[in-house]
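Some structures are shown below for you to check.
Shared between the two complexes below is chain A, which pairs with chain B and chain C, respectively.
The block that comes next holds the complex of A and B.
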């Protein structure tokens, strides 16, 4: 945080203020901690405690409704020898990597299109953001029907256009199911990129573009040397945010494929749910969930410090 | 902007891509709408052209309202969203204010802690959380989600509001304090009114996040009469037989309405909230 230049302008303490109750409450440290207290206690109890309790659980053989037995790192050792675990790891990284590239490029395209002046731009922006604000589980229901094995509208269009003879089973085939998840996640997340990058683009003064145009810069060069450097911080923050949240994605996958067919679309969160909640193996489930921590920790620490620096 | 070369260039650079984006983003909603008003004989006949409705019907909506717990779910969802939004905006404000405007021991640690809690994803917490909720004997109560949703919302609200609070000039607050206002009065009478847009942004964002929450509701609410709309729709309306799609779409559409209405009134605040964090730097 920057040093405040205005310190000199602050009022001198009134005589006797520090001895009264009100005087004590007026001290910066006391007032601050009284205000922070409830929130900090709440977050300690319901975020910090569960987090460390989860680490503790992952070191136990713990079934629902029975006491846990400390097993050290045995859960992690079991996972390391489980082919499904490595498949889930691969699925998670494929899902995050491909959706991030698609959302980033699509969102940048959306922002560039929307950065032109036209009538009804605010309305268009409101509509474009809809996928992002509508509850994901509910919009995923629409996608389930769009991708239905028998009545898919996509199949109907492809067959009508003569591209294929009979319809695909989008959610029944391992590759197509992952592809479908990637499409739906991209659909949902692209507006977030688009609208935040648009806000970044709008901070660029048109003088810069005019100056570049006078110097004879082509539109590609203008993008490369004027647009990109200015929106780079926004681009980095939005991408890191999105990557962190995509790593933690649950409801879209749970609703659309349940991790199927045959684990082909399970990611850490859905697999941890199956093991911890459905099979009732809390210890093993906690271990699965923690397996994303190393990758996430790097991102979270990086982003936290990047944000503090800004 | 550099001048385009006539209408053709503008069509290529603006209208065509814009139309593609709009169609791509909005088609699923169109599909939701027309599926919800198609009679079953149109829905389950692959020979009928599916892109439009031939004989619209409201039967699926009637069935949804009379044969399922949809209204109870809607009530639960709204109650939980409103309570958690209010709690989170209040606690978020109380955290953001000193972090943005005061100097005190421990400020840096708390600020980093708030950012880190915002970024810790739910999948890391839900298994230990389910055990904690069980031990508190809060399973199948709305209290369970009212306690857990603010863990997602408070850090966000605090973090968003810090930016707004920092933007209010110190001098205003100092002037009030010289006139005898306490710190609390300076905050509630000077700074907070100036930050109304920020408070609105935080509230709208928290409300949409609360409506969107799925994982905790799925785990904690196993009985139909305490469920929220997303969980009720996914777990109860998807049944073994084929003839539920109309109802399901009606539920998806009606379930999206509260968020969409609030969003449409406050879209500027929503966008401001969305971009405040990432664009400020």
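The block that comes next holds the complex of A and C.
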């Protein structure tokens, strides 16, 4: 068939435009920004803006519904002289440190068990995720009943079994209240460790274990020299995430104790909320919230460097 | 009022507003929203949302909506409304919130004056809560009183036929009742109302004060405070149990209705719920005024009110609605639906039929005479809110109850209050 040169010539400009657009889109620099764009915009709007606005607020004497007055670091200086602030700091670190150790060891144990072959394994995995899936506000209500001295099933069992004469005051005693919150947070957070570490465990080739077994390694040695080195990066990442989440834990503490008794369970997030939203001191509330930042920054930078070195 | 001209101008505008009434709203917005914290009395909310609002809608053509906020969440909601300058036109306020949100609220002095003339006068003690710089910033519809709620049968069994009139007598009764297996349970934890509801009155009744009228002189470090703290420690140890130190507002209700405690400090919601769900307990439940101490008897004010936010597109329309709502024809029916949960601050309602069906609610009306705002006699300031939000007073008493020395707990509270009130 004869081809008319004109027919070939006409589409040329359109094809040129297409190829230009496609060409532009296919450039790595453009395409990557197109893909990153929505995420970056989201982060700017919902993370960066509130974060920098928080810093801005913390430098102001800013009361609710009133214009702020720049006070520099005065809010932080006030906090440094407040005994409750130091109590809250101590509470936060105790809460985060103990729950992290418990969740890490418990989650690792959970992952190791879930990595074994046994009947009903998939069902067990699904059930173990439940604490993480159920909305915190709902599960906290259940815990409220469990820890209630009058209606507590734990107290009921202990009293009926003759272990104790009268029920424990799980939320009225300062030490028990913190202990109770740690238990509930561990219960809720352990599946996150368990499932994430399980994913890490499943990447380990069985050849490595077989080779170690042939070399006469015991099960402890296999864990120490095969399992642990392989899952270490996952372990560090999951710990970092968990520490960040736990530092910011709010719902559970607010619903169960609201920081009581006598501030024994107040942490940065709950205290910041009370000062910012209930006292109307938005500047001071932001300063309290930002007080977590140095600890988190050191942790994140430290772990990131460690991971890079590894 | 500075001049006669200003007085005449105000009077004329009040008269004009009264004459126009709800009709003014007909030319105004197509819709308005009222936001309030859910009441413990469902019928009260229902009457507002399902009867009063549709009536006003029919009258004016304005679509009226009601937004309910969960109990304890209204201050946060109000903060977001004021900060974002968006949302409902009419919002509930309580405690000292009109002072906190002063710059975001419309002056409703004209309405308050008008209502005061018709069904008032207003109780004197409401001015501290609702009037900011001589301007009414909210219109109270009632007080959620905090009184002693007790089991008449167990008190009688312990030989106490009349509710004790003094804190010492209540302590004596509590000793007997605890021995009989019926301890008291007064909240000492971080709830939002039942803790301050009895601890401020206790402090005041012993002559203690947080801060002076000037809002600068911290007075907490006094012999009177020490006596109140010492009493509280004995009261806790001899009549209660450890868990009250961690209680929030739901716990004493649950515990009373679970027949675990014989006396607590609460609003009338315990009896209301008992009548509905536990009629046998309701039969043996009654209310008593807070006992008096060496320096008198006190109660707490929690004046729930309506305020108009100043970003409302048409404040005049919002005012017209409130003028209609606070007319006796509406207000009377609405209050009656509330089971006497709200004690009105208007003397015209002192003998309102709302008090007739249930005489056991009468102490809530009586308590208004001796009711004061949190932090009294200090001003209803931002500092007061900070003290309340930081539980300074509650923790002072709670720490003493758990075993800290009186001197230490007062010193700690004094240090906090000096920082909050920026006192030297």
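Note that the second predicted complex is superposed on the first by the 253 of 310 C-alpha atoms of A that agree within 3 Å, B and C clash if a C-alpha of one lies under 4 Å from a C-alpha of the other, contacts with A are read in each partner's own complex, and residues count from 1 in each chain.
In the analysis below, a residue touches a chain if its C-beta (ideal position, glycine included) is under 8 Å from a C-beta of that chain, and two chains touch if they have at least 3 such contacts.
Computed from a prediction, not measured in an experiment: that's the story for all the values here.
**Q** Touch test for A:61: chain B only (first), chain C only (second), both, or neither?
**A** A:61 contacts neither chain B nor chain C.
**Q** With both complexes superposed on chain A, which partner does A:279 reach: first (chain B), second (chain C), both or neither?
**A** It touches chain C, and chain B stays clear.
**Q** Please work out whether A:234 is in contact with chain B alone, chain C alone, both, or neither, and reply first, second, both or neither.
**A** Touch status of A:234: first partner only.
**Q** Is A:308 touching anything from chain B or chain C once the two structures are fitted on A? First, second, both or neither.
**A** After superposition on chain A, A:308 lies in contact with chain B alone.
**Q** For A:150 in the superposed arrangement: first (chain B), second (chain C), both or neither?
**A** both
**Q** Output the chain A positions appearing in both contact lists, the one against chain B and the one against chain C.
**A** The answer is residues 148, 150-151, 277 of chain A.
**Q** Which residues, counting only chain B, touch chain A once they are in their complex?
**A** Chain B residues touching chain A: 1-2, 13-14, 17-18, 21-22, 24-26, 28-29, 31-32, 35, 43-44, 46, 50-51, 91-92, 94-95, 97-99, 102-108, 110-117, 119-132, 147-148, 150-151, 154-155, 158, 170-171, 174, 177-178, 182-184, 208, 211-212, 214-215, 218-219, 229-231, 233-234, 245, 248-249, 251-253, 255-256, 259-260, 263-264, 267, 270-271, 274-275, 277-281.
**Q** Residue numbers of chain C touching chain A in their complex, please.
**A** The contact residues of chain C facing chain A are 75-76, 79, 82-83, 100-104, 188-191, 241-248, 251, 254-255, 258, 260, 382, 385-386, 388-391, 395, 398-399, 402, 412, 415-416, 419.
**Q** Under the touch definition given earlier, write down the residues of chain A that touch chain B in their complex.
**A** 1, 4, 6, 9-11, 22, 25-26, 28-29, 31-33, 35-36, 38-40, 42-43, 46-51, 53-54, 57, 109-110, 113-114, 116-118, 122, 124-131, 133-139, 141-143, 145-146, 148, 150-151, 153, 156, 187, 190-192, 194-196, 199-200, 203, 206, 209-210, 213, 219, 222, 233-234, 237-238, 241, 244-245, 247-248, 250-251, 254-255, 268-269, 272-273, 276-277, 282, 285-286, 289-290, 292-293, 296, 299-300, 303-304, 307-308, 310
**Q** Going by the contact rule at the top, pick out the chain A residues touching chain C in the complex.
**A** Within the complex, chain A touches chain C at residues 63-66, 78, 81-84, 148-151, 169-174, 177, 257-263, 274-275, 277-281.
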